[in-house]
Structure formats: structure tokens, C-alpha cells
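Two complexes follow with chain A in common, the first pairing it with chain B and the second with chain C.
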Partner chain A sequence: MTSRCILQTTLLLYFSTMALAMSNDLLRSQLSSSSLECQELLLQLNGTTEYCLKDRINFEIPEEIEKSRQFQKEDIILITHEMFQKIFDIFRRNISRTGWNETTVENLLVKLHWQKEHLEIILEDVKEKENFTWDNRTLLHLKKYYLRIVQYLKAKEYSICAWTIVQAEICRNFFFLNILTDYLQN
Partner chain B sequence: MGLARPAAAPDDAPPPGRDAPGAARRRGGTTLKSPQNVEVYIVDDTFILRWNRSNPSIRNVTFSAYYQTLGNDTWLKLPGCQSVANTTCDFSSLKLNVYDKVKLRIRAEEGNNTSPWHNIDSFTLFEKAQIGPPKVHLEAEDKTIIINISLPGARDSVMWALDSSSFTYSLDIWKNSSSGERRTETVYSRDKIYNLSPETTYCLKVKARLLPRKNGIYSPVYCIKTPVANKLPPPENIRLDSKNNIFVLRWDYPYGSVKWGHARPNVTFQAQWLYAYLKKIPGDSSGKWKQIPGCKNVHTTQCVFLQNTFRKGIYLIRVQASDGNTTSVWSKEEKFDAQLQITLLPPVITMKSTNDVSLRVYISAPEESENKPVNQNFPLIYEIVFWENTSNAERKIREKKTDFTFSKLKPLTEYCVKARALIEDDKWNKSSGFSDTVCEKTKPGNTSRTWLIAGICAAIFSIPVVIYVVKLLLRCISYVFFPSSKPPSTIDEYFSEPPLWNLLLLTSEEQTERCFIIENTNTISAVEETNQTDEDHKKYSSQTSQDSGNYSNEDESGGSKFSEELLQQESE
Partner chain C sequence: MVWNQNASLIRPQNLYLVVCISFVFSVSSAFPDLSDKFCTFKVTFRNFRLILSWELKNYSVVPDRYTFQYTAIRPNQVKIVEHCSNTTASSCDLTDVWEVLPETYTFRVDGFRGNTTLVQCSSNLFLVTHMSLEPPEFDIVGFTDHINVLVKFPPVIPKILGGGVLEFYLSLIIEEQSGNIVKKHNPKLNETITGNFTYVIDKLLPNTNYCVSVYFNPRNLGEVHRSPVKCILLQPGQETESSESAKIGGIITMFVIAAVIVITIIILKRVGYICLKNHFPKVLNFYNFSTWVFPEMPPLETVAFVEVIHVNRKKKVWDYNYDDESDSNDDTAAPQTNAGGYTMHGLVGRLLGPASASSATPEDCMEPDSEEPDPSEPDTDIDTEPLVPSGPSPGQSEGTSGAYECRGKQLQDPITEEDSWSTGGSGDKITFNVNLSSVFMRVLDDDSEVPPGLPSFPEETYNLQESHSLETSLLAASGERTQPLFPTPSAECQWPEDVLSDESDSSKSDVDIGDGYIMR
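Entry: the complex of A and B
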């Protein structure tokens, strides 16, 4: 009897871990392709002009993101959701002075929104789990970082140079996002 | 609570007559206690500090609060909370980064008397902030209510500067008349509520939410009455199906032919789409709806368009009916995710039989078709159905690999297989159709041959063993039943003694032999061991003369040689 019970339990564990692994894979592949598409669109926006070099600023991306320490799966979902949401919030702002192709920016917003919505669905589930402590510190640092970017844009009155600097910074964001996404692989 | 802590002096000069703050002073005989139940209450951009008196008897008690940001050593005055007589103070004028950690402390003061500090652990303004009640503007239309929710807080809110496009709104609606039946919906800031009854008063309230865990305060209850239904009703139950590389949009319109006593002329429909993200951005999106190609002025309750019209993203679709003169209100806006609607194409499967009675299966991706704009790079798993051609028993397995083997099958039997691709996810259970069925026969069994070979080898190895055993047995049997006439080996020794030795021994009497040799041209006389008389010898020798030629015994022949030598010796 016990040997059968053990067999069943082993099978159950095996299949459930397989199931978890599979949905991890799906999320990872979604995030990777979203990130790639967004990066491509970002790069399509007109490049920097020389005289913007003086407007450069160090936005101080949080160390946890830059050094890419290993996070738990739920934290990764929270962090990537926050990043997609904030990047969406940045690019929906006034870009009239940049002369960028509006369709490209539209596509970028569509993709960011799509990924954000998918992460929100997962997040609603993760939220239900009790006994889970969010990594509030990293989230707080991220929010401060994006506030610096938005305040910079406001201060520079959404000039083309300010937007170019921000565009480069967001490209860097996607680089780190890709590294984070890789940690979803068990 | 109420701990006396040595603290750095506040920035400006302390109240006159005081040297070291923080120590409970006995002046006038009373000890002031620090305020109790101090809490920070933040709603949008309003920051409030609340507490309870702990010295109710003493009059003229005022309270002062100070703050300190992390990393800074000095305690600064909290604006709006200096020497307040009430038990609340508003420090909204504090210009601080809402994500920075801050510490607060407060104490009671009465003249020169101060209570110990009451400290509040460090916190960020953002984490303690609650989303305030939103403002809702309502408009009632034909069986729908149009809502317009304005963002909580001021437009240039400091608290929600980054979150203006991240709010979701939760709406509770109920009929004013009946008691129960509350409906809760998640709505955008500019949205509609559908499926309402005409000429009914509905009441609703809204709250804003922010992921992960912020739930806002409910707005006040707003009520409105829906008008009489008189316009053309809108289409209902919009759904989108996908087939190959096209989308089919369908809806219901049960008001087509006859209603209210008069026949309706031909009704046409049109469908429009909008990027869903536009609903999240402040501003009016009503002018941004676009026509779906192939869905304008259609007479049927469906329309068809190519899948590559919509790139990966989330869209909203609405349909409107028109009867020439009037148009209906727009239908409910259906959310649709182009990605979820993709058609998974069935995979291509091939099967080969291998030598050891198994079948190897290869799964490959379906043929690439034109018009495949939607990203199909998902990790797929395959569901394979495997059965014997004659029986109905099917085996279903799920595999991630595209190359695997079914082993331990019956030889010379035909098996069939078909497979389909799956994306398995909690929310997204999508599968392709089944591939073509492929059948293959297994090769003849090698098992009998191997058994034969094994048997032969075993036989070969066992033969010597068997022979040995048989030989042993025969020896045993012959020993028991057919004893040999051989003298025992001990006697044998005598006959095998060398002749020289015997020659020497001839001199002793015991071993001498008396022989009479009768010469005969034809015969050789045999030698006897006996010491018998001559007569006997004569007899014996005549007898032996006949047989002597036939004797072939070893000893006797040895003996005969010996006698020849004797003869030679005596003749000499």
C-alpha cells in the first residue's frame, strides 16, 4: 500500500513540477519576445544628436537591478511588471517635440501594454498567496529611479535631448530586464 | 512608546528655559506623558498626523512633531505640526520624495514642561498613502450608463505622479429599489455599464486600486435613472473565433425582423476597433476608434477579416447596428487579445520502425504559411495518441521532445499515431488540431533468434560437462558390473621389474627356476614359475607348444625373452 502511495506522490510531484516548469517557460518566452520587440522599436526612433551630450545625467538605476542578483520567481514578476508599467507610463507622455514616428511609439505602447496586462493577470494570482513577503526595498528603489527620469523630463520640458537621453536609458533597462527574465528558468 | 531618548537638538533654539530636551522634568509637580496611539494618515496628497492625549486633566498642552530623513542626523520641524493644541495636524506642505524613508517623533509640551518623545518607525509616505475616493461623472443612455472617473487626487498629484496610468477601478452597482443584487465590475476610467433595465434608478460607487496591494477608499454613492428604451438596440454577445489565418467576428441581433409591431427594414452593421492601452492614458479616446476592414455595412451578423490585420496586442471591438435612418448605440466593448486568438497549426509527424521491435516518432513544426504575423515562438508540448491498428485501446502521452521511441511493442503489428501541439498554461489552454494519422508496422521479433543463439551457446558449453559426467558414470558401472581381469596394480609391480635385477636374483635359490627346454623349430617354450617335476614340465610344455605362439601377455613375453637369454647362457 505504502509503495503505491509513494509512487503516486512521486508521480504527482514530478508532473506538478513539470507543469510549473512549463508555465515558467511560457512566461519566460513571452517576456523575452516582448523585450526584444520593444528594444527593436526603441532603436527605430531617431538617434541622438551630438549637442545633447551636455544633457546627460546618471539616473542611478538601482543596484539590485544593475548587479542582477538572483530573485525569487514572484519577485521577478513584480519587478518586471513594475518596469513594464513605468516604461509605458514614460512613453505615453508628450513626445511632440521629438519628431518621432507616432506609429512606432504607438506600437511600442501596444506591446508594453500587452506585456503589462499579462503580468498583471499572473500577479493577481501571486497576490493571493499568503506567507509571501514582497521585496519592497527593490520596488521602492525602482520607483525612485523612475521618478528621477520623469522629473528630469518635466524639468527639461520634454525636449528632444531629454527624450533622447531617456530613450538610451530605457534601452539599458531592457538589457537588465532580459537578465532578470533568464532567472525565471529554474 | 514614551521612552526617553537622547536626541539631537532641533534646529532652532529650544523653548526658553530649557537646556536638555528629552528628559521628563518635574516642574510644578506634574510629569507629562507622551502622546499615545500616534498614527500617520495619508490620503492622496494630504498628510495627517493623529494621536491621543495622555494627560487629559492638564490644560494648555500643545504638541510638536519633528521629522528626520534617513541618512540625515538632524531632526527638522514638521511643518504644520508645531505647538498644536488639537490632537491632529496636517503636514501636507512637507516637500519630500514620497519614496524616501522618514522618521517622525512627537511630544507634548506645557510651558517649560515636555513629555518624552514618542517615535514612529521609519516609513515612506507612499507605503502609508491610501488612494482617495474618486470623482465620478454619470450619464445615462439607452440601457447603459456612461461613467467618467476622474483620477483621485489633484491632476499634478505628487503621490501618484508615476501611477496615473496604472490605476484600475472597481465599481459596485445595484438597483436602488431592490435590496440585494450588487454587481461588481472592473472598469476603465472612461467606460460604460451595460445590460441595464430601462427606466430604473441605479446607484453605484467606485474605488481605485493599485497593484500589488493598494485598495482605495470608496467614492460616495451616485445614483442615476436610465431613460426609456427608444433607440435601436445594439448588437449583443460579440465573440471572435479564429480559423486558419482569418478571424471571424460574430454577434447576435435578435431584433432583426419584427419588433413592436412594425417590420424593420434591412439592418446593417459596422465594427470598429481601438487599442486598449488608450483607455489607460488620460485623455479622450473616443475619436481614436478605427474601422475594421471588411466589417462596414455588412448585412449578416458576422464579418471576416485577416489575422494579420492585428498585431500582437490587446484591442477593444464594438459593433453598431443601423437601419438607414438611425444608428444604435454602440455595443459593449469586447476586449480581445490577438495573441490568444492565434491558431496553432497541427504538427507534422513521421514514424519509423527500428530493429528492436520499437517505433521511433519524429515531430516537426507545421509548414510555414504566408501571412503569419503573429509570433508563434511558444514552447510547445505535444499530445500524442498511440494505438494498435486493430484494437481501440489508445495510449495518450504528453511529450516535450520532438524525437522519441515507443519500445517493447509486439512484433509484426501495425501501430498508428497522431499528435497535436499544445500551449499549456493556466489561463491559456490552447491546442492545435490533430495531425494526420501515420501507421507503421513493427519488424519481426528478434527475441526467438536470440533465444536460439543463447540455447546453442549453452548447449555447446554444456557438452564437455555432459561427456565428463557420462564418462564418470560408465566407469562406475563398468567397475561394478564388469570387473576387469587385470591383476591389481600391486602385483603388477613384480612383472614390471627390470630384467637385470632378476638376473642378479637368479643366484638365490628361491628364485631359481628349473626349466627344460625342448627345442622345437616351430615353437618357443614358455617359462613357468613353478618348481614342478619334469613330468609336469613335459606335459606342460607339450601343451604350451601349441599355444605359445598365441601368448601375448606382457609378463609372459617378458618372461619368454628371459628364457631365451637363459637358453643362450646355458648353451654357452
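Entry: the complex of A and C
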């Protein structure tokens, strides 16, 4: 009886590990695909920076994101969720002066929203099952970073040059997102 | 912002040019509003060098020199690339000039002829998504069973690929093709790679032609640029050793795989995750398929028409006369068939009437000694006995037969003549077994002593000794219908009136109770 329980437990752990590894790969490929699609939609929005050099600003993305520091899996999920959430909030603001294609913007918002919701579900599971210490410092830096972007848009009154500068900055965000999701494989 | 005040000059010689240009556009804080409709720009990563090239569109006058300048989206000065100032080439090597891969760059190309500015082209791009990755240079060296692929890397990795970008952004693919089989190898790269990078493609077949090509797999899902294919024919190796080792390895591998599969199944079965029982529904049971498709013909049944009638027999008393008149019981009646096709066998006994049938019991029928003499034949002792028809018909189960012995004449049955009769007898004694569960017993009507179609048997003598062998088990073996079918020698053994039937028309081959037959 005991040997049978041990055997069943061993088999359960083995297949759970396999399933977990497969789920990590699945999440990684799915996140990578989402960020690439969002990046392509963003680049479809017309914007030329050569006329907006005077509106350039350094938003100072957190160094731990820019330097691609290696995070744990739970931190990666938390950070990517925060980034999708904040990018979604930014592009919901006033874009009337940009002359951008509304359908393209709508598609971008749909993808951002879907990815955000998906990550929220995973986060809930992580919070319930594991007693994990979150990297709140990185999360705080991220919040401040996106707050600077929003304040910049408000200050520039959502001008086309302001949106062009923000568009270029968000493109960088997706590049760093791709690097972060790559760490899920490891 | 007036860009000319913040512009950094690479060389003093270009100061005058920059000042002139910037003066023209000083009112504007941005680049001049000359569109890039005159030029097409392209950024390629070739041999680990970042090259920006441009091409004029249908421009009749071609400039003799160009000047390239750029700035990044993050606050930065407009920079003029020194080695791209007054260049006659329509491209500019920006390796180690553009140092950040995830960046949006704004740039401009000015074309001059003499002192005249002929064209100004400007644009901006996000480098990550617009950079075209061209394949690196490589060489291959073939051996007996492996190929060394030598990929040429620079001694120093460009700064644009630093900071972990190389591992993420550059995904090197080495394709190996032999015939129609293509295999892809993805060696891991890191920033510590210096000089040439050697990758070994092993486990190849000797004396086989292989073609190799390399390329970078772009992370932005852009276009893949493959290198030209390089092919090589591997050297023939020592076939005996390699083939034997390959065979042994293959056999061992197959055994290991089979063992793993079997062990896995056994473990899962023991644990209870799988159940290897066959619960096929009955309709899928094809064990008796042949029987199902070709059902066995029902055994030929020989339906024997049996009538049990009382036969008044004379008790033979030897009067010390040696005449042959009394020896008349040796005659064997020929088998007769009635119109219904039934064949009679043996002797038949006829019942006296219905009144006594209900109270008749097999035991009574078994006691010929207690019989009362028939008043119609005062000279004879009435001995009746239940007579039985033929012996076992083909196909009938003998296990269910209530065998009993009876003495009487046996009629020849043309159908079952060749069958094995379990009969025995000597002289005038005939013994045969009948499977009562497979025969039909007909109850005769009272009106006729002999059923029509039946032969009238002469009075016969029989041996009383064996008459006791008539057993009640006959009725027991017959099943649920326990009406006494066999006539009794006594008057009590009477058939019920409703059972009797004087219909001798046995043309109805289908037996039913209505014809007087009682099916066992």
C-alpha cells in the first residue's frame, strides 16, 4: 500500500513537472507573440520624429528593465502585467489630434487588454498557491516611469509630436518585454 | 531648439557646411521639411557591420558626394558621421556609431554636386524592426561522419549587440540538408564569442553528400536571408566497424525503448491508471464469427409419428404345440409413412379413453401385471405397454433423453436407418432409446382404435419381464408438460378428452397442440 502511494506520488510529481515546463514555454511563446503583434500595430501608426525633435524627452525607463536583469518567473509575470496594464491605459487617452487610424488603435487596445487579463489570471494563481516575496522596488520604479509619460502627454496637451515621442518610447517597451519573456524559458 | 547651436562637429572642415545649412533652417527647430520621397533607405546587418544605404529615385542628376547626419529620439545632439561626410558611396557604416539597438533614429542625407545641394533625404526608423539581418560568412570542412562549420565572427562584438542583446536578438541557424531531409541546428551565442565560431554537425553518414547554409532568424519575424549553400561529399569510412556498431546500437536502442514501454504499461496497470481488460460488447465478439455468419444448420430432425395405443396382447401360454401359427411376432412391419410424412416406428400403444388419463400416472403404466384384461378379448391378457417410437434421431441430444427400454418390434426407418440406434435385442426383444425431449407424442382420439394411416399391427407377444423398465423418468425428462403421454395398460390410464384427437391427418407437419401432439 505504501509503495503504491509512493509510486503514485512519484508519477504525479513527474508529470506535474512536465506540465509546468510546458506551461512556461506556452506562456513565453504567447507573451512573445502578443508583444510582437502590438509592436507591429504601433509601427503602423503614422509618426515622424524629424519634426518633433524639440519635444523629445528622456522618460528614464527603470534600469533593471533596460539592462535586462534576470528576474524570477513570478516577478516576470508581475512586471509584464504592469507594463501591459499601463500601456493600455496610455493609449486609451485622447488621440484625436494624432490623425491615427482608429481601427489600428482599437486593435492595439484589444490585444493589450486580452494579454493583461490573461496575466491577471496567472497572477491570481501565483498569489494563492505560493508564499512569494514580490519585487516591489522594480514595480514602484515602473509605476513612476509610466506616470512620467502620462504627465508629459498632459503637459503637451496630447499634441501629435507628444504622441509621436510616446509612440517611439512604447516601441522600446515592447523590445524589453520580449527580453523579459525570454527569461521564462530558462 | 536650434539644432545648429547644439550640433557637434566631427571635423572643423565641416563647420562652414553645417553652419550654412543650419542657418537656412534656423527658424525651424526640426529638420527641414524636405521629404524622403527622393530616396529609399535600407539598414542591413552584414558581417556584423551596421550599414545604412540609400538610393535615389529617378533622379536625373546624381550627386557626386553625400553627407550623413543623424540624431536619436532620446534627447541627443545631431551628429554628423565623419567618415560619411563628403563620401562618394551611397552608404554609411554605422557600426559603433549607433550603439543602442532599441532606439528610434532620425537621419538625413544631403547630396551635393560641387557646391550645390542637389537633394536632401531624411527619415526615421526604429532600428530593431527595420534592420535586415544578412547571414554571416562561413566555411565547412567535411570528415567521415561529421562536418565542421566555421562561422566568421568579428574579433570584437559591436556595441549595438552588447548588454545581453546578442543572445536575444541574434538567433543563428545552421541548416544541414541531405537529399530531402533538412535539419536545423541552433547554437547558442553569447557576448564572449570572439573570432571564428566552430560548430560540429556530427552523426552523419559517410560517403554522403551534405549541403549547409546559415542565417539569422530575426526576432521581429522579418524576412529571412539565407546564405549561399555549400555542399560537400563526406569521406567513405570503415563500413564494417561503423555498420556493426550502428547495428548494435540500433538493436540496443530498440530493446531499451521496448523495455521502457513495457515497464511503463506495467507500472500504470499496477497503479490502476489503465485497465487492460476486454469488455467488448457481445456483438463485437467474433469468436464464433464463422458460426454467426454461417450458422449451423439445425440438426436434421426426424420427426417420428408416435401413437401410443393400447394393444391387447395375449399372454402367450405355451400349449405344448409346436405350430408356427403363434409365432407371428417376428414379422417386421415395413415402415409406413402417413400422409403427413411421419414415420412410425415400433409398436404403438393406444389409449383406451380420456377418463382415466387424468388420474393416470406413469407408475401405473409401468405395471403391466396389474392390468385388467380387456373384455373384448377374453382370451388374452391385456398387456399394454407404452410403446416408443424410433431410436434417437440424428442430432438429438442423448443427455436429455429419458431412456427406457421397451420391448416390441422395431420398424425400419428409412431416414434413420443408418443412424446409430441404441437398440439391442435378441430375437423378439427390441430395445431402443428415444430422446423424449425431441419427439412429439400424439394423443389419439377415442373413436378410432387405430389412427388412420397407421398400420394395424397384429397382436404380438412380448416379454413381460422388461416391461417394468418403463420409468417415470420419461415424464420427468420431458419437462414442464407432464401430462402422462404413455398409455397405461389399465383403464385408469386414460387420456384427457381434450387432448385426444382423431385427426390422423398428419399433413400438418408443424406440430401444435391442436393436432393432438404434445410437444415435449
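We adopt the following convention: the second predicted complex is superposed on the first by the 169 of 186 C-alpha atoms of A that agree within 3 Å, B and C clash if a C-alpha of one lies under 4 Å from a C-alpha of the other, contacts with A are read in each partner's own complex, and residues count from 1 in each chain.
Definition applied: a contact is a pair of C-beta atoms (placed from the backbone, for glycine too) under 8 Å apart; a residue touches a chain by one contact, two chains touch by 3 or more.
Note that the coordinates shown come from a computational prediction; the quantities given were computed from them, not determined experimentally.
Novice: Could you look at A:68 and tell me whether it touches chain B, chain C, both or neither (first, second, both, neither)?
Specialist: The second partner, chain C, only.
Novice: If you tally the residues of chain A touched by each partner, is the higher count for chain B or for chain C?
Specialist: B
Novice: On chain A, what residues does chain B touch that chain C touches as well?
Specialist: Of chain A, no residue contacts chain B in one complex and chain C in the other.
Novice: Looking at the complex, which residues from chain B come into contact with chain A?
Specialist: That would be residues 97, 99-100, 124, 126-127, 161-166, 211-213, 275-277, 280-281, 311-314, 337, 339, 375, 377-379, 381, 400, 423-428 of chain B.
Novice: What residues of chain A sit close enough to touch chain B in their complex?
Specialist: 19, 22-23, 25-26, 29, 33, 37, 78, 81, 85-86, 88-89, 92, 106-107, 109-114, 117, 120-121, 123-125, 127, 134, 136, 140, 143-144, 146-147, 150
Novice: Could you pull out which chain C residues touch chain A in their complex?
Specialist: Of all residues in chain C, those touching chain A are 1, 3, 29-31, 33, 71, 73-75, 101-104, 106, 108, 122-124, 126, 128-129, 163-165, 168, 219-221, 267, 270-271.
Novice: How about chain A: which of its residues touch chain C in the complex?
Specialist: Within the complex, chain A contacts chain C at residues 4, 7-8, 11, 36, 39-40, 43, 48-54, 56-58, 67-68, 165, 168-169, 171-172, 175-176, 178-179, 182.
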